[in-house]
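The following pair of complexes shares a single chain, chain A, combined with chain B in the former and chain C in the latter.
This part shows the complex of A and B:
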């Protein structure tokens, strides 16, 4: 074959589709709009949290889009003059414990439905899913009665025990999908190797499901962290409230909105979730896009 | 090491029976291959030996223990799966030592057992790798290593080579056979590939539609197939079947061609028979007319597809065939390659 003369043209087949103007128009511009829409509320929240009060409503002398003399007054007020630290602590405890409870229950439920193949397994799966479809805005009334009767009203336990009602169905379905992607032969192989059901679950299935467990955990954690209706209904005293409820009920006095403190509270309250996501984003993505590979 | 006895084994899923009473005796140290087309029940049979499928009827004995109701872990068997079933989150060494770890063997001891097994299989330098970092052949070896380490009574292989490419399959075939000769562990091996069965087995069990068609040594099956199914299944290219009527001169085909028969066996004059003809038993230079349709030279041999007595036959010739399509050539037939079967029952008539 004849030698082809080397060229300094680095173009590859379809390069003409990728001219710079075209890329800006089809890729970067829509992406920029998207990012702007997504991030603007956070920006607004962040600048409001550090804006002195006199700038908040004075649009004539100060631009609403940035801060001239940033201050930590709102945050100091929030941390030292309100019960915000207690709300934070409550939210952390409630979210962590209810997520843990939901994960344990979901692992067992999902594994049993997916792999033990008992009579009615499919039906059980379906019922669990139906339970997820009932909206909390309907469920909170009967649940409130139960919470009252059991005597855990206005305590962390009220939330820790009610959050799993929506966390478990969700996590169970997510994990069922994940367990289904684990090849059956692995479990049979383990069975022949002498493992018991429990050992198969703990030594084979769970280690392989770590990405699934992490994304179920993140979901559950975020859902409980942001939960509003139950927290609003089942908690009455200020020191037992969670962040979403506390910020709204304690920092809005009548028709006076303490915007600075409100936004500081929202900002601080969203940080833990952001940190959690950024740690596990790889696992999270892999569990959404890929199954167990040998 | 132990013998395995399968006695009247049945399996049904609901109302559908897929195994209709299978009897196989496997001697200590024997390499037995279960072969048959897909859906014949061979894998189900193996899984019943392993304890992964419930036994609907009959009995399985390993050694002199009836294992019908024992869970897999108490049967003292090791199984190699088609897709290897290596634990992706464990290293090669951990994979191989997994069963020992489960039974509470100490770490040092596990390492002592894993190392020689890895050396036998040429895996010693890969012990710290994960399955995803290995090639298909290496994974297959790890799966075998996992079985070897346990030193079980019986090895079970479920189509272990079907995920490998053709070349690797041939070399792994030799490797498994070699391994068996070394360890002498009783082995039951399932495949749909009759070449694998022929090359590896001490004894072949040909299965079809949930029953055993024939059990025997590879060459016995080739030389004396018990019925049409076995005759057509064993051997490649497959045996040619020609319908005809048996008479004193031989078998008369539909178009009047008479083919010679030396071993008529139980055939009676006037009986409808199937004349089985091994492709390899044809040679050039005889008086049986064959109209050539296609010639396929492979170098060492030439495959000829043609018309003989109104039916299509395939012949394998050691000599080169120069005939053009449409030409008629005369062939002679080696009597050893002729098998007569009853047309109605398919049973063998020749001795």
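This part shows the complex of A and C:
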């Protein structure tokens, strides 16, 4: 990763050749369009979540882009009259536990591949990369059969055990990149001082790769939070569902869409990852680009 | 072993287990164990089981027997299956091209000298962070047949006279789901390509400018060739995830109207889980593998080329 680190020079490049008008037309106008289109669905989601029902579809008397008497009715309905809190709790438990499992397994695997370099380490690294490319949509049917046979169908355990299949390849791949950037000399001098491999891993390599661990952790957490097809297939009872599945399958009743409740459900379900994201933007960016670059 | 005995004072040998754990291969094996167990049990084995299920007539609640290529023969004569293949290809090709073009444009904009660069980058990545299902529900509401905000604005401006039936008509439904997919995919492409753009030194473009190159020439002759390797990787990922997409379609149309937006992944789910035909569903999923392999090979050669360009080998 060090090789391709962003140059990040703050020189102005050749932008000062541009006239102000040209700059507005070629830079600010398209950028404004992009930002508007990318953010509008969230605005629409948020404004719908707090609109009273009588304004929701009455575009003639109330401007659809604004809300006059914001209400928390939809959110209160979600929290106290549906199983939404249980879905939230399930999603948190599943995401945290599967992320933790994946991280532990990935740290060992990445260290073994990158630094122990056992026979076949390169090949293993390549296989891990290929595993990252196997999509859940071709695995969910056989996994459903396995989950059923093992007897963990319709339980959180089914998700906790299957989510690491897409988390481990990603985290391992990312951590391999981080471990590679740690100088060999540090480990060598520790070996000379009589440290065991375990001490090297816990006292030298892990403290140095904290940013990598944070990147991998929050990214894995987000991936598990977003997961849908496994949760949809392996969970059948309402109280075991995760937020994305619960909102979609339980809040839609017949043909009457309660848009207020649906949008509050979507909004509340997005908040945890968005808050996490707002604290760790740079880590997200580095894990996203790191996975692509390495 | 001969030289061991030749030594004057034999060094006491450590126990075999310890020796094993201190060797590269032994410790490597031990460290690989947790990840390997997970991946073998829940990735490799299901992959094989999926291929096997495709050759059986397994139904939910009933173990199937081997039926050879019957599922595939059945699918071969199934117009809905071919429609889903057609839809998947259209969806993947159109959405990927749009994501690439718009994502590259956005990356180029963000790579210019502009204030609050970090803020823009953070905002633009947002659609990618929010769970697909939840943002797709916002699109579901935006694409509502009666109360769509897009229809309302267009009617206000006098462009159309009645609401657009976004998800009810085959072709508008296809364009609508593609639009939603592009919306979600742009951030990934843009931010990844931006990281690639930042590795290209400004001085190269400045040198080209001194040599009299136009903006367009600088873009096609300097920026694009240097960016090609990263484009190859990013687009492989993008194609792969678009091709196997499930969530967006499941939320917006569930494959309707009249199977017009069924992708192979959603059809596979439809047949296997609500329909109970696990064998047939697995066969549809297996039919996706050749396409995925093509994408992976493409990625592999993209990576190779990059290594060669950097002069590592």
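The working rule: the second predicted complex is superposed on the first by the 256 of 294 C-alpha atoms of A that agree within 3 Å, B and C clash if a C-alpha of one lies under 4 Å from a C-alpha of the other, contacts with A are read in each partner's own complex, and residues count from 1 in each chain.
Keep this in mind: a residue touches a chain if its C-beta (ideal position, glycine included) is under 8 Å from a C-beta of that chain, and two chains touch if they have at least 3 such contacts.
Everything numeric here is computed off the predicted structure, so don't read it as measured data.
Q: Kindly say whether there is room for both chain B and chain C on chain A in the superposition, answering fit or clash.
A: On the shared chain A, the partners fit.
Q: Based on the superposed arrangement, let me know which partner A:207 touches: chain B (first), chain C (second), both, or neither?
A: first
Q: On the superposed three-chain arrangement, identify whether chain B or chain C touches more chain A residues.
A: The partner that reaches more residues of chain A in the superposed model: C.
Q: Look at A:195 in the shared chain and tell me whether it touches chain B only, chain C only, both, or neither; answer first, second, both or neither.
A: A:195 sits against chain B, while chain C stays out of touch.
Q: Does chain B (first) or chain C (second) touch A:175, or do both, or does neither?
A: neither
Q: Taking the superposition as given, does A:185 touch the first partner, chain B, the second, chain C, both, or neither?
A: first
Q: Report for A:223: first if it touches chain B alone, second if chain C alone, otherwise both or neither.
A: Touch status of A:223: no partner.
Q: Report for A:235: first if it touches chain B alone, second if chain C alone, otherwise both or neither.
A: In the superposition, A:235 touches no partner, neither chain B nor chain C.
Q: Thinking of the overlay built on chain A, is A:94 touched by chain B (first), by chain C (second), by both, or by neither?
A: So A:94 meets neither chain B nor chain C here.
Q: Quick one: smallest Cα-Cα gap between chain B and chain C in the superposed arrangement, Å?
A: It is 10 Å, taken between the nearest C-alpha atoms.
Q: Please report the chain A residues shared by its interface with chain B and its interface with chain C.
A: 196, 292-293
Q: Which part of chain C faces chain A closely enough to touch in the complex?
A: 22, 24-25, 27-29, 31-36, 38-39, 42-43, 45-47, 49-50, 53, 58, 102, 105-106, 109-110, 112-114, 118, 120-127, 129-135, 137-139, 141-142, 144, 146-147, 149, 152, 183, 186-188, 191-192, 195-196, 198-202, 205-206, 209, 230, 233-234, 237, 240-241, 244-247, 250-251, 265, 268-269, 272-273, 278, 281-282, 285-286, 288-289, 292, 295-296, 299, 310
Q: Taking the touch rule as given, give the residues of chain A at its contact with chain C in the complex, in rising order.
A: That would be residues 3-9, 11-15, 27, 30-31, 34-35, 37-39, 41-42, 44-45, 48, 56-57, 59, 64, 101, 104-106, 108-109, 111-113, 116-119, 121, 124, 128, 130-131, 133-146, 161-162, 164-165, 168-169, 172, 196-197, 222, 225-226, 228-229, 232-233, 243-245, 247-248, 257, 259, 262-263, 265-267, 269-270, 273-274, 277-278, 281, 284-285, 288-289, 292-293 of chain A.
Q: For chain B, which residues are in contact with chain A within the complex?
A: Touch residues, chain B against chain A: 50-52, 71-73, 77-79, 81-89, 98-99, 102-103, 131-132, 139, 146, 150.
Q: Which stretch or stretches of chain A touch chain B in the complex?
A: 183, 185-186, 188-196, 199, 203-204, 207-208, 292-294
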